[in-house]
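Shared between the two complexes below is chain A, which has chain B as its partner in the first and chain C in the second.
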Partner chain A sequence: MNEQKLNYLQASFLVIIVTVTHLVLNLPNALISSTGSASIINVIYISILSIIMFLLVKKLLTPFESNNILYVAEYIGGKALKKFLALLYIFHFIFITGILLRSFAETLIFIYFPQSSTWTVLLSFLLVAIIANKIGAINIIKANAILMVPILSAIIITAISLVGKFEINRLFPIMGYGFKETFINGTTNIYAFSGVVYIYFLKPYLNNYKDFSKVGFISIAISSIYLLLTVSALLMMFPFLTADNQAMSVYLSTRIIEYGKFMQRTDAIYMFVWIFIFFSYLSVILVYISQISKESLQINISSFFIYLISFFIFIVSIIPKNSTQIRFLETTIYKYSSLGIVFILSLIILLLGYLKKRREKSINLRKKVRL
Partner chain B sequence: MKSVLDYIKSLISDNNNNNYQFILPNKENYSYTTQPEDLLKNKKVFSNLDVNLEYVNSRFNSLLNSDIKIREFVINVKSKQFKAFILYVDGMVDKDSINDSVLKPLMLRNRANQYDGNQIISEAVANNIMVRKIKKFSIVDYIFDNLLPQNDVEKVNSFDKISEDVVSGNCILFVDTVNFVFDIDTKKFDKRSIAEAKNEPVIMGSQEAFVENLRTNTSMIRRNLCNENLVIEKLTVGKTDKNQCAVCYLKNIANSDLVAEVKYRLNNLDVEYINSIGELQQLIKDDIGTTVPETISTERVDKATAHILEGRVVVIFNGVPYVLIMPVTMLDFLSSPEDTNINPVFANLLKVIRAISFFITLLLPGLYIAITTYHGELIPTGLLFSIIASRAKVPFMVIVEIILMEVSFEIIREAGVRVPSPLGSTVGIVGALILGQAAVQADIVSPILIINIAITAITSFAIPDYNFSFHLRINRFLFIVLGFLAGFFGIAIGLFIYLVKLCSLKSFGVSYLAPYSPFTKNKSTSYLLEPIWKREKRADFLATQKSQIQNHISMKWRKKGD
Partner chain C sequence: MKGIGFTMKAKKFLIFILCSLVTIFSITNKKAVNTIDESAYVVAMGFDTSTSGKLQLSLQIAIPSSEGNSSSGSSSNSEQSASTIVNTVECDSVFSGITLINSYISKKLNLSYCKVVVFSEELATSGIENYVSTLINDIEVRPTCHILISRCDAKYFLENSKPMLENLSSKYYEVETSSEKNTGYTKAVTLLDFYNSLYDSFSQPCAILGSINGANAGDIEDNQFSVGVNPQSLENLNSIASVESESSDSTQRNIENLRTSSI
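== the complex of A and B ==
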């Protein structure tokens, strides 16, 4: 087996880790606050939309065999478009990661390290990601695949542990704020699956590029299940959640979990697992950025490059001045930048590539017929 | 040849010179590349016996060495006489064998050496004339074919090979006019008899353990693994101390690239000497930057044999009662030979206990410090108060307390190993019980910490491999510091980097976390054992030539009624 290439499970987990990271932060919160008691229906709806979107991506990438979106960009617009798209993605990743890092670090400081400065915690996270990247990209991917088992189990255990505290009444009214909010405006909630963006790049790195559809379906299915699980657990637990909550909503739910008299406060254990999620996420993002840079900008991936990207993430993470700004960036800006880059721009590029390929094919066919 | 003779003469004259002058050569002017003894290297056997004798005297320092024996005599062959001598090391040879199988047939008059006829190769009669084809007389062939009734004789012409074999216990026969020697296997020396495995005991398995002698060890493997495909290749490691080691594998099962890699590494060790299997283990390791062992050392014959049958390679090193198994994965360090001897349900229970022990050994003190310092809410309030109360009179910070106890325990453990065995238990009792009790009463440490350290120590003994257990003990200190600095956050930092590092490790090309990373579907190699009838395939990460161990239906007797 080629150890530098990924099998379909490793690739799927690379996509899932992104969704899971958003899950333990404020994504469920944002979904519930936008669609109210219809969140479950909305999650099912956006899951179906994501699968349809993936089918479309799959169809559009089919003529390009084992190539990814960067190749398609080069195919339609030359090296300039390829570089532009790569830079856009890199900025998007740095921005999102910086904001998420700050959000998570703030929660950690708020709960455990009130005396510590923000930058110490931020640098600790980045240091771990740098060390992991120095050990090797493929090793991060392997570690991520191993960590997925306890991470996904922990989320299921959280949901099961909360069952006793569920109030079914909170699911009603079933249509929440109405049909329009759930299905028309709620369509924008598809950004919850913005982790799908990584699927665009994965094809060349797969052991067998035909596993691409397997990777897409597994990652979207698992992400949907976990999104549904988290959203429904929170919806049935808390009477009212807004996007402005200061602490992570999933964390709030774990604070009320009890296991008999001995373990009355287990939130630290869950937080322990989430720290791993974040380490894995950060390291994986650095891997993605490195690979995109190497592929499209012909940058030699050295330690200096890793430091530089980490530095940019750090700079972005210290930009927000307070929690309100963090929440705004984490929900609103992230939502619209994801929709714009992941779901609109990328699809347009893939569509143009597909059409150009078809045209080229038909021209070739006509030439052959004439001959 | 002249220069060699001159050198030999100068050496002899130096030896006879009583003017003792011990002057160290000036290091700057002294060339280490051409040592005087280097002149004696790579020499071939001379046809002149006197030259050979002088050369041997010089090379083996026979005038100084009391155990290097040279016996000169005359060989009777076909009524002709040839000067000869034998060379051997006293104490390493079977003297009876030399007398009976070398000296007697060569020196004493007997039918073989007195026969004066010619050896007829073929006979034919043509026109009433008998034509006989007679073999030309050759002293070498005659001695080899008729006068050395020994089962293992080799013709050798290199002095380097002669040196190697003499010090291993062979007897070398030099004959005048012949430019090579007869290398005769006459090894016999005192050795420890086969005993029970002391450091890896099992209840239901074989009790046989390896000994220091290489040939005894190879014979034990050969006896346990009755298959003609078992290959035991001999290699020499070290330049000054040419120690022998043997590479054992099943020719039709082991991956040929793996075997080649093992031999390549062993053949490319540019070292003067290797004293132990531990040194060899370090010299053939893939990743030199970690304390994680990448080969298993075992004293158990059954364990070595089982691994050869799985398609791995075993290296035996002469002089050490341990062998090395390669490649290995992390799960191998948590497995015991006992596992396959008992019911898989029992074995799996033990395996789960060992896995728990792994985490406790590595993390318990770190978690204790993290919980008591940062995450007090995790434990019930009553217990937390009890811990705080027990620590109230302790003058140290919790990290100082815990490191003090850990270091004390390591000292007790080290002292227990080093003292003569009758005193070992006394050290344990005095160290652990009396001092522990006194330390608690003197309010130097808290009782709960003693419990913590004791549990950690006991669980470290549940790890079957000594090297791996040591690795966990060392890394435990790291997690203590991380737990103290940042609680669970610190421990998560350590664990994540540790995991990524483990993912990067390889043992002879095999991923250290196989079969879980990269994940393989072969259940026969998963950590928890399947019932024996379900273990149908060999580990796919070993890429063996034959993957099947048994048929889908191995218990064919069950089909009797069909």
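== the complex of A and C ==
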């Protein structure tokens, strides 16, 4: 990734793939469960909040030019803080990826391979990610950019195919469970944009670090549009009281899609596309983890390291005993860990770095004035 | 140098082949996948209340070879009835009933091609929300499968519902329940429509109210006799269907309304 830098679209797609992966799993379901028929308003609200947050991040990173959050951590707390933050992010990524992988694998087993063991399905996904990482990070990024076209198109086609079955009345009452649930407690739903965590690391890898704002806005805008599209489609398809289904929420909607008498079970096509989403997501996450480790922990990225990280992801993914535990980890634990690490800790570090930089600048200015 | 490059390429190629083989064999082995030969396809499901107060689950299962023969051969009713079998069990829940049938038939039941779910009027009166919720949460049952309330027992309905213009039972159920497209007299209600209406605050669930030869639950004893003596007597009679409101909370009231309106 260091040798060949990224253009803004490739970088944006690296962020979008994370949000889209969450979208096809249970993210829309979780949002609808928490805010009911006010989910659309809530999604618009959290989209605005995430744009504001990005503007803040952009402002806080401005004095550091082409450096990322790990450099800021080193700047304020030395190498110890940098290594601590890098390890925290790596654990966070491994945990989230492991849980999402298990969730997707369980759905796949549930629908198509009822007698397959979980570990074989998990391993088959990890094998693809390992092979892809051995081929090279830049190839993964390019492949991810290409795969984005069918992936994003599939979601739009799903929504368009369902239009005839939408029931506008399900959007009412427009304020769902009330103002407090939508705008106060609903603020925590900003975790839906936890994919922006990857923006913190992208700046040094961009062709031109001034493209950073473009990357942020494009990725947040596309993520918001797709989140809005998925949530509104599900909300108008199913009564929100029944959103506690065990299967993937978007999958449930694709089961209803029929294109005439000859194309009745199109869910398999969509599932096929989502398998590629997951291949791409896993490969991208391994790239992120490798780059963070290389940059902050000075680890030489070898095949052994990729095997090791994949092994950790595999271990995390086999920890949950049943779907209830997976759902709990996927929604509750993921939600609060994302809020804590991505939106609170990272912002605090960036803020401290910014303040320290300003203080240094003013001290230097005073010295110059005295001289 | 060339030799080293070739060895590396060969090594990568071997790793790739090994990984592919592991993946292919781990997922697509005979045990992992349900093939057509190992599955018994359910065409219709029936729900009744048994005499002991338990759930009586009836499954109409297609016999693939018979279905194939009937499509190419004659269309007499005796052949059509041989193309499917109806299995009935008494059980506490839908899943326990399916497991029970699975335990004694040689193949694994597959509900993916279930075209219609029939509830007896008696059961519908006591509320069918639980059964509908169970079915909609089953990944095999398609949300597009139709719902029907039968005036007679669901088992009786499945056993005696004989297609006259169709060779395949599954096709018959699919076309028959969608006849509203031609007539406008009925309403094609799918499992998803019914389920959504149960929870929507702005609509009431409804389903087709059907019967075989106008048979009610109380008449079945007599009809069974006549069917036993002369099954052909049913041939010239059409099943009747009408739309009626059903709901989990007000099912009984709605059915009573129907009776009043019928009279």
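List of remarks:
Keep this in mind: the second predicted complex is superposed on the first by the 363 of 371 C-alpha atoms of A that agree within 3 Å, B and C clash if a C-alpha of one lies under 4 Å from a C-alpha of the other, contacts with A are read in each partner's own complex, and residues count from 1 in each chain.
One rule holds in what follows: a residue touches a chain if its C-beta (ideal position, glycine included) is under 8 Å from a C-beta of that chain, and two chains touch if they have at least 3 such contacts.
On a predicted model such as this, the values are computed, not experimentally measured, just so you know.
By the touch criterion defined above, A:324 lies against neither chain B nor chain C after alignment on the C-alpha atoms of chain A. Of the two partner chains, chain C is the only one that A:167 touches; chain B does not reach it. In the superposed model, A:258 lies in contact with chain C only, and not with chain B.
One of chain B and chain C touches more residues of chain A, and that partner is B.
Contacts of A:140 after superposition on the shared chain: chain B is touched, whereas chain C is not.
Applying the stated contact rule after C-alpha superposition, one finds that A:131 touches each of chain B and chain C. Shared interface residues of chain A, touching chain B in one complex and chain C in the other, are 113, 121, 124, 131, 264-265.
Interface residues of chain A facing chain B in the complex, by the touch rule stated above, are 1, 3, 7, 9-10, 108, 112-113, 121, 124, 128, 131-132, 135-136, 138-140, 142-143, 145-147, 261-269, 271-272, 275-276, 279-280, 283. Only residues 12, 15-16, 19, 22-23, 26-27, 31-34, 137, 139, 142-144, 192, 195-196, 199-200, 202-203 of chain C touch chain A when the two sit together in their complex. By the touch criterion stated above, chain A contacts chain C in their complex at residues 110-111, 113-116, 120-121, 123-124, 127, 131, 134, 167, 169-170, 238-239, 241-242, 245-247, 252, 255-256, 258, 264-265. Contact residues on chain B toward chain A in their complex (touch as defined above): 374-375, 377-380, 486-489, 491-493, 495-497, 499-501, 503-504, 511, 513, 516-519.
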